[in-house]
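Following are the structures in question.
First subunit A sits with subunit B, and in the next complex the same chain sits with subunit C.
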Partner chain A sequence: MLTQLILNAFISASIYILIAVSFTIIFRVVRFFHFTHAVIFTAGAYFVFFLRMELSFPFLIAVPTAIFASALLGCLIELTIYRSLRAKSTPPLVMLLVSLGIYIVLQNIISIAFGDDTKIIRSNLITEGFNLFGARITFIQGLTICTTIILLLLLVLFLKITRTGKAIRAVSSDPELAAISGIESSRIIIWAFAIGSAICGLAGILLSFDVGMTPTMGLTALMMGLVVAIIGGLANVSGIVLGGLLLGLAQQLGIWKFGAEWQDAIAFGILLGFLIVKPQGILGKNTKKATI
Partner chain B sequence: MSEELLIIQGLEKNFDGIRALADFSCSLSQGQILGLIGPNGAGKTTLLNIISGFTTPERGNITFKGMSIVRMSPHKIARAGIARTFQDLRLIRQLSVLENVLLSFENQPGEHLANLFFRWKQSKKQEAAIRNEALILLAEAGLAEKANDQAENLSYGQQKLLSLVCCLAAKGDLVLLDEPVAGIAPEMIDNILGIIRDLPQKKKSVILIEHNLDVVMQICDRIIFMDAGTKICEGTPGEVRNDAKVIEAYTG
Partner chain C sequence: MAHAAFYGIGAYVAAIMAIKLNCAFGVTVLCSIIFSMFFGILIGVSTLRIKGDYFVIATFAFQVITFSILNNWVGFTGGPDGIPGIPQPVILGWRVTSSIGFLLIVGGICAIIIWGGHRIGNSPFGRVLKAIREDEIFTQSKGKSVETFKILIFTLGAGIAALAGSLYAYYVSYINPTSFTVMESIFIICIVIIGGAGSTWGPVIGALVLVTLPEILRFVGLPNSIAANLRQILYGGLLVTFMIWRPRGFLGKYAFQNREARK
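And then the complex of A and B:
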């Protein structure tokens, strides 16, 4: 029982962490609430559904294409809408409203194209399961956990050692200082959208393999991802990972003790607790306040 | 007569009705250190912000090496060869000391092209060369042992020194320094002033904002005293020291 609970916590934590990390990468360079991120999550899943179930592409083509399409969608939103608004120094609150608008439009398009019912991608790969330390795990759940771990390692490495990664960190921490070092922030912002949207799309794909997809799946997912991102102080990957594990465990414990309907209450309870006691995040130092 | 490196003509800038700069003009030749003095709110920082592209003036023009830069974006101005520090201390705190310096090196024009056209091995060689150069700069500033520390773990004075080193790492011809020694312990001040004094030999010109008159008199070739967004007087340290308005402002 306990092993199963911990395993389930890892599975949901993986998805939360992917959303939180991808949201944070974008948020830190654009400095407004990119609400549309929620629909990138949904779009990733529906891209695969479309490619696999309607065009019958093999998974090995459908999934990478869908990830690429998610990245492209994120970049297009930045290039066609955000960029020109940023040039006019639009305030963050207005940017949030614009982003919310784009979210609604795109969600409706998905709704019209595919319907509101839950879509499932059928495959033996997905339903096949095996036993791990006496707990049951499906292939896709194992894949979700492994993918998350590998992606996080790659991401940390990318941010640490590559020139672009360091430039992303520079723009995240001080855009003006980055500019005087000759870093073109608009180029870095595109990178952040590409990477963030690809990871978010992939998270949507992984979740949809496990539990299916609906046009509103991204909204709930982003809310949970946000709770984790804020617990992580909207900063480093390690804080977000801790936050994700904490939320995953707390929710699974809650489901076990009180029932599944308590999941959201637990998440926002934890969020409130952090905002009151440690607003700078789980690993944050007391000097800096997390702002959103 | 040396060629003018920077020519500023008739700058005007207002913030919500507050006049920060009014018809401000000046120029700077190659290898000169120009001091900017004046009371708080005189418009000194605003002038640097305009030169480096962070603020757009309502009127006026700036020519740098014969090219108008007045509406260029900050990163382009930086790549054109103008480096600066900020009055408030600014570093990328999560990066190491060395990485902070490398950031300025790596994002200079040419570096990207080299990456595209040269083979990987040559790019590695170049990377090592850049690293070496950065380490030399750090050593000259006395920060060599700190190279791998996180920037945020340095003392305040060391951090200010580091921001100066970063500024020098960008291979600019013009360096804009906004109060580089404010709030720093005396022994560190000499260290920083020594570095600034040597900049003309490295073919870098300097605009230096500084409150301490002695410091400015010591190292500047020319000084501009400004107040309320206008130039009150300009001249050599000797001339400015004996100007009635300056004497009044600094003793009255």
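And then the complex of A and C:
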């Protein structure tokens, strides 16, 4: 029972962590809450559904194409809408509302195109599952956990070693200083959108393999990702991983004790607690107030 | 982002009191306002330190929790099935049954609220609020407690939302949690932005536009399933368009601009 609970916590934590990390990459360079991220999550899943079930491409083509399409969608939103708004130095609150508007439009387009019912990708990947220390885990769930770990390692390496990765970190921590050092921020922002959206799309695909897809799944998923990202202080990968595991465990314990319907309330209760008591995140240091 | 939560709290308090305690119209409305204002104070005080975007997220969290409680506390709120059979209101011995009667009551209360809002806007209290909007630190330096004013106006807003909620509950006589979701909060934000924030008549115009536009769509004769989605696309599209080209809305004075950009 306990192993199953912990394992389930890891599975849901993986998806949350992927969303939170991808959200944070974008948030750090653009500095507003990019709600459209939710629809990219959904779009990733529906791209695979469209390519696999309606055009019957093999998975090996459908999945990478869908990830690429998600990245493209993210970049497109940045290029067509966010960029011109940023040039007018629009405050973050307005950007948040704009991204919310785009989310509503795109989500409803998906609803019209595919319908509101749950879609399932039928595949031979779904097996009965196998035993792991007395707990059951399906192939997809195992794949989700492994993908998350590998992606996180690759991402950390990318951010630490490559030139673009370093530039992304530079723009994240101080855009003006980065600009002075000759880093072209608009190019870096595109990079952040591409990487973030690709990871987010992949997370959507993984979740849809496991439990199917609906047009509104993105917002629920993003809300959880947001909780994790804020617990992680919207900063580093290690904080987000801790936040994801914390939320995953808390939710599984909640399901065990109170029932599955209280998941959202538990997650957002934790979020409110963190925002009120420790808004700088689980690993954040208490900073002295330096406003004005 | 939590306005639909207060609206929902108002509706549920009114419905539960009207059915289970058999209270009169005036009493339930008053109680729902007070109850919601109490929550307003609670949220206002606890989230006072949270600034800007994070405040939006915090109210968002409150919204989701409220919806979750309305949806899952089956014993008290009826869960997803909602509360049916809310009795028709009786005001001074007059039982309101027709839509016209409701229009008169709601219109009258709405007029009072608009008048009150206008009065507040021009009162010393309203001037301090405008000063806070323009420059918090300056207002603080003039000896006004920004925090008190923020909590007061947040609470007042919560109360008015609850008033709307209780009227809604009486009008439709059946409420369920789907009327009080995050989407409803976003819809309310759309009304404010399209009409224009910071003006008395702005939200009136916004509400008129956003309620009548979908009715026009209905004449086009689309199937119901697509019409609902199209309506939301319309709201989302309008929100984006207004934010890009006219952030102050039809009548607004407050343009959501950066201080640097305004100079």
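Following the convention adopted for this analysis, the second predicted complex is superposed on the first by the 285 of 292 C-alpha atoms of A that agree within 3 Å, B and C clash if a C-alpha of one lies under 4 Å from a C-alpha of the other, contacts with A are read in each partner's own complex, and residues count from 1 in each chain.
What we mean here is this: contacts are C-beta pairs under 8 Å (C-beta built on N, C-alpha and C of every residue); 3 or more make two chains touch, one makes a residue touch a chain.
Computed from a predicted structure; not experimentally measured.
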Check whether A:167 is in contact with subunit B, with subunit C, with both or with neither, and answer first, second, both or neither. first
Just subunit B (first), just subunit C (second), both, or neither: which does A:177 touch? first
By the touch definition at the top of the document, which applies to A:81: first (subunit B), second (subunit C), both, or neither? second
Taking the superposition as given, does A:111 touch the first partner, subunit B, the second, subunit C, both, or neither? second
Looking at A:16, would you say it contacts subunit B, subunit C, both, or neither? Reply first, second, both or neither. neither
Touch count on subunit A, higher of subunit B and subunit C: C
Which partner does A:50 reach: the first (subunit B), the second (subunit C), both, or neither? neither
Identify the partner contact of A:223: answer first if only subunit B is touched, second if only subunit C is, both if each is, neither if none is. second
In the complex formed with subunit B, which residues of subunit A make contact? 163, 166-167, 169-170, 173-174, 176-185
Would you tell me which residues of subunit C are touching subunit A in their complex? 46-47, 49-50, 52-54, 56-58, 60-62, 64-65, 67-69, 71-72, 137, 182, 186, 189, 193, 225-226, 229-230, 232-233, 235-240, 243-244, 247, 256-258, 260-261
Subunit A to subunit C touching residues, read off their complex: 32-33, 81, 84-85, 88-94, 96-98, 100-105, 107-109, 111-112, 115-116, 219, 223, 226, 230, 261-262, 264-265, 268-269, 271-272, 275-276, 279, 292
Going by the contact rule at the top, pick out the subunit B residues touching subunit A in the complex. 52-54, 73-75, 78-79, 83-84, 86, 90-95, 99, 102-104, 106-109, 166-167, 170
